[in-house]
Structures are given as C-alpha cells and as structure tokens.
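Below are structures written as structure tokens.
Each of the next two complexes has chain A plus one other chain: chain B in the first, chain C in the second.
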Partner chain A sequence: MNRFMTVAVAGAALALGVATEAMAQAKPDVLVKQRQAAMTLIGKYWGPVAGMASGKVPYNADIVARNATYLENLSQMPWDGFHESTKGEKSRTLPEAYSQKAKFDEIAERMQAEIAKLGVVARAKNEAGVKQQFGAVGKTCGACHDGFRAK
Partner chain B sequence: MNRFMTVAVAGAALALGVATEAMAQAKPDVLVKQRQAAMTLIGKYWGPVAGMASGKVPYNADIVARNATYLENLSQMPWDGFHESTKGEKSRTLPEAYSQKAKFDEIAERMQAEIAKLGVVARAKNEAGVKQQFGAVGKTCGACHDGFRAK
Partner chain C sequence: MFVLGSPAAAGLLLFIGVLAPNVLAQVPPPPPPPVQSGAPAGAKPAAEMPQVPQASAPPADPAARRGEYVASAAGCLGCHTEAKDKAAAYAGGRALKTPFGTFYGPNITPHPVAGIGKWSEADFARAIREGLRPDGAHYFPAFPYPSFARITDADLKDLWTYLRTLPPSARPNQAHDLGFPFNWRFLVRFWKWLYFTPGRFTPDPKRSAAVNRGNYLVNVLGHCGECHTPRNFLGGPKRARHLAGTPKGADDGGTSNLTPSNLKKWDDAELAGFLQSGMTSEGDVTGERMGEVVRNTTSRLTAQDLSSMIAYLRALPAIADEP
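== the complex of A and B ==
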C-alpha cells in the first residue's frame, strides 16, 4: 500500500447526498445493505477507540488517530440509506426513523459533528481530549439506537 | 451534520493493522462480515465515479471528490478481514487468496495506491485526471476479483 500520508478532505455529505440521490436511486434492499455495512464498519473502528478511551485496552495514539479518521468518513455514509423506500425492508430500524425523520436527522448530524471533533483531538494525539470526547460520541450513538433501533 | 470542511489524514494502515490484530482478534465470521461491508461500500461510492468517469452519467466534480475520499479510506479497510482464520467461512473468496497471499497483498497494495492517486486528482477537481486514473483503479479491482473471487 501507499506508505506516504494522504490528506483526505471530507464533508458536505448531506448536500451532496441529495445530488447523489437524484442521480441514481438504489433499490431498497441495496440501501439497507449499504447502511448496515456502514454501521458494521463503524462498529469495527469504534470498538478499539472505546476500549482505549475507557482504559480497558492499552492506549495507542496511532490507532486512535487512524480509526477516528475512518469513523469521520464512515459517519457520513449510513444516512442516505434510511430512505422512505426502505420502510418495508427487514431490519432493526423502527418505524419512528421514518415518522420522526427530523429528530432522526438531528441526531445523525450531531453524531457526525461529535465524531469530527474526536477526529481533531485524535489526530493531534491528544489522549486526554480523546478520553473526554469519546463520551460525547457514544451519547449520540446511544440516542439513535435507543430511539430508532429494535432491541 | 458539520457544515465545515474536515481535513482527514489517513494512511499507514498496513503497519497499524498488525498492532490492531495483536490487540483483539475478531472471530472469523465477524471478519468476513466486516470485509464484505467494506466491499459493499466501495461498490456504493465507486459506482457513481465509474459512471461519471466513463461518461455514462453527467460529471459532478463535488461528488467525485467526496466519493474518492471515501474510497481512499475504504480501500484500507477490507484487508485485515482476509485472515487465515476465515478460510473455512462461507464467502466468494477463493482458496488462492490465502495460498497466494503475497500476490493477493501486492494487488491490494496497488489498489490502495491507485485510489490514493485518484483522490488527489478528484480533490483537485481535475476531471481529465480522474478520467485517466479511473481505469488504473478499475484494473486493480479486476485483477483481484478475477484471481481471488468466485464468479
């Protein structure tokens, strides 16, 4: 793989999402598969950060920085998958995700903002900052899972 | 979501992968699920880039830049999922992915390098550069799928 550092600029996912949607609307089952894929990977890279930030696993600032950057990108990927057309698809998503869309979107936006802040302190190798910000991210994850995902 | 642009630094995934592995080895079925999730999302964000670069879909430089950045991050995510322990798991991966690991890794590294180059021209809003680099990326995808994935 490329050994040099790459500078990746992400952002403005919401505005672009609309354009993407207008361009080609994926089938409902594909949308569900894609949004679940994003959640799977968020879990993969969040796990070690949570373990390290909570002191359960030895802290590795390089892994935290890498994972936080992945998470920042991944945090923008699930949302266009929660399209109206997926209402009837089998998943753990509760009907409220569609009927209370404004609330759902608000949490999703907050989650992205908190993860972006985590990315900043993680890349600065600011361990205390990560340990502080980690809770704020976890809260937004929980807020959505509690209200919009079947147990 | 956060309206400000975020600068995300990724890289050195291979070296860090070793450390992550030493830290916590996920179960084989989880590893397969995670690597398939990465491939699913690579497909999601590669599709529009391929469509635009090949002239089948109207070109949108903002979407290409965003997707290329996502792809740059996603291109680093599948590989630790192709662990020896997953040999017996159900998937389309051929046995050669494990028996010819050096060749497999070489293509995976080339794919990441080509996608990183795509990211550079995409973020520079260099449409001609994207249209040129897109083929090089596609070739590395094909090389791995042809040799290491069941039809």
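== the complex of A and C ==
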C-alpha cells in the first residue's frame, strides 16, 4: 500500500510537472480561451454571491460558502493566460495589461487576497462578514476592468 | 466617479447642439419635470454596498429627504468625500486626476470655516447655476456645473436643505495641484465663454414624460456626459458625439457608448439590473469608475427613474463608436 502510494504520488508529481511545462508552451489562442473560461466561471459563481450579499436575492449561506470556495480556486486561474505571447490575439484585453504588468499583477494579487478573505467569512457562515467583504472584492474586479479591458 | 483619467477630465460639456432650445439663457424657469424628485429617499434599492460613507441617519424633514435623493442622483458624494474607509461624507478630499492636474473636492458640510456653513442659499444657487464662488471667482469645471446649472428650482432648494442637515466636519480643504497655465483661475472665464451656457432644464413637450425625466437625470443631475462624451484639447465637449463614449485614454480604458448603437445589445431589464448592481446577469463586474457611480447614484434611484433614464438613452440618435 505504502509502496503503491509512493509510486502514485511520484507519478502524479511527474504528471503535474509535465502539465505545467505543457501550459507554459500553450498556444496563444488556447491561453486566451483559458483565461476567458476562468473569467466566465468567476462571473457565474460571483453573480449569486453579489446578489445575495446586496440583498437582491434571498441569502443562502450554503450557496455563498460553496461559491466562495469555487471562486477562491478560480481566482488563481486566469493569470498565466495573460502571457506576453497572447498580445496579438483578439480579445478585450488592452495592451496595458502587458506594458504595465507590475500594476496588473498587483491588482490580480489583491483580488485573490480579497476573495480568500471572502472564503473565510463565507465558510464561517458569517453573513455580516460576507456583506462587508463582497464590496472589497467587487472593487478589485473593477480596478482591472477599468484600465486593462476595452469597453 | 468622474473619469478624470481621460483627456476629458477638467472640462465639461453640454450638448448645446442636441438641446439648444433648452440651454438658452433667460428661459423662464420651467415647471418641474413630471416625475419630480419627490421619490422618497427611503426607496433606495438594497444594492448599496456597506462601505460607502453615509451621512448618519436619513433626515426627518421631507425636503431634506428629497434633497438627499437629489444628492444621490447627482453623485455629489463621489467627489466630495475622501476615498478611504470611514471618511466623513461630504467633507471633501477626493483627488481627481486629470490631464490638467489634480483637483481635490472641497468640504461641503455646514462647517463655518472648513465647509460651506457661512454660505447663503443664494451663494449655493450661484455656485451650481453659474459656477461662481461666493467671492465671485470662477470654479474650475472639474465641478460639473455645466451639467448641474440646469437643475430645477425645487431640486436645488431641497439639495440645499439636505446639505444643511449634514454633520459639520472640520476637515480642511486641500489646494488643487494644477499645471501651468491651468492654475490661472481667471482663464476659466474664457473656458466658460466657450463651453458654458447657463439656463434651465425645459421638458420637450414632444417627448414622453419618461424621456424628459430621463434627460434631466442623465444630463443635468447625473452629468453622465462629463465622462461619456469625449472632449477636445481644451476640455470642451465634442457635442456631435454626445454620450457616444470615449476611446481608451493614456491610463484608462475609456467609457462606453451610451447611444443606441451600443445599448441595443442590452434589453431594458439587463440595463436596469446593471445600473442597480454594477454587473451583468453573467456576473461580469463593471470597471471601478462606473462601479462607484452605481454605488453612489444609480443603485439609489427608484426603479421608475432608472427606466426613465433608459427610455431617454434609447431615444438618443445612434452614434457609431469611434474607429
């Protein structure tokens, strides 16, 4: 059993290494699809949380907790898709996303940190905390959508 | 709130081309628009976010409550409140970066020294209607008086009543930080001669009550064109492209085209939902500049006022995006 686990873990680690390597070489159009897919899913799971946190939809702590956890994972996924190689691809991303990469990365990190905080209060079923935190998350989304995405 | 990163910024506009008959000086004050501002401030949709600074409790006086609604519709909070948590509402300090320099919104609480406590109602009316300080100097048009000037008398009075109910804040004003020659305040006189036409809002009898109310909310109180209409190098509005959006600027993503050529992609329910929540039904969050407008203004308007604004935008001539 132990020996099996060792092999399995080693195999998984190898596969992960290969996968990461493969991602770095992904074609630009695939990278764009990847980041757009992540953003689409973020929107899908963010919408109900924002609706509930703002009182537009009846609050359901279980859905908020589940979605916040999904969002925590999804929030890490778009970023390597904004690779230099995708500059020439058709998308709403503005050239500033590449030319002002430090600022872009800073907002992306802030967004992940705010969503992580949302996850903590959501899983604690802290409704007041969620209602407080969702605005901070929304602002980090909006911070990027102003200067880095075409209207 | 105002897209002051764009080349537009400090100037302001008005659509004399579109609304020429409305902006002629000396038009007698029109009757208030049909759906007057009497909408109760208590009717705020719940979508407001908790960290928006708010002046304590809603005022008891009905005139002040109406004035609070006017203040929301005009988005006063954005420029007149510092951008930090727990900032005193309307106590000033917000930095507005523009191509002409950085403006700091002043304290408009009734503090006698730091705010506008010593002003008379006539001083206030002159500031809004003519862009003049009590001492007669010109305001820079970062203060969107070219839009606000046409406010109805009733709304102006209610707004003044509301501002008098704010807790006075001693927060001192900060001097604007403007490049030469924009720091020469007297040059604003010339700018106003070019781009500012005082007058009153006059409903167009050929349009529906909703379109007229929407026109008033979009162009006078909401001052949407301050950001959504492109400007020339002097900061004056390009009137032929009224509300047609602005291209990407040096450090912003521009603003959306609000004419039917763009808005036709959205149905009324989607637009109303967006103005209430700041996001699409797919959970796509708007940029933070508009996000602030949604928090401070559109999410606080009645459903009827939102549909009036939409009706007005739908009735605009379609203008294609700039290539």
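Here, the second predicted complex is superposed on the first by the 128 of 151 C-alpha atoms of A that agree within 3 Å, B and C clash if a C-alpha of one lies under 4 Å from a C-alpha of the other, contacts with A are read in each partner's own complex, and residues count from 1 in each chain.
The working rule: a contact is a pair of C-beta atoms (placed from the backbone, for glycine too) under 8 Å apart; a residue touches a chain by one contact, two chains touch by 3 or more.
None of these values were measured; they are calculated from a predicted model.
By the document's definition of touching, of the two partners only chain C reaches A:His145; chain B does not.
If you count the residues of chain A touched by chain B and by chain C, you find the higher number for B.
Once the two complexes are laid over each other on the shared chain, residue contacts for A:Asn60 go to chain B alone; chain C is not touched. Contacts of A:Ala136 after superposition on the shared chain: chain C is touched, whereas chain B is not.
Of the two partner chains, chain B is the only one touched by A:Asn73; chain C is not.
In the superposition on chain A, contact of A:Asn126 is made with neither chain B nor chain C. Contacts of A:Lys44 after superposition on the shared chain: both chain B and chain C are touched. Using the contact criterion defined above for the overlaid structures, shared-chain residue A:Leu94 touches chain C, although it does not reach chain B. The intersection of chain A residues touching chain B with those touching chain C, taken from the two complexes, comprises 40, 44, 47-48, 51. The touching residues of chain B, counted against chain A in their complex, run 1-14, 16, 19-20, 23-24, 26, 33-34, 36-38, 40-41, 44, 47-48, 51, 57-58, 60, 62-63, 65-66, 69-70, 72-74, 76-77, 108-109, 112-113, 116, 119, 123.
The touching residues of chain A, when paired with chain C in their complex, are 39-40, 42-48, 50-51, 54-56, 94, 96, 131-132, 134-136, 138-139, 141-143, 145-151. Residues 5, 45-51, 245, 248, 251-257, 276-291, 295 of chain C touch chain A in their complex.
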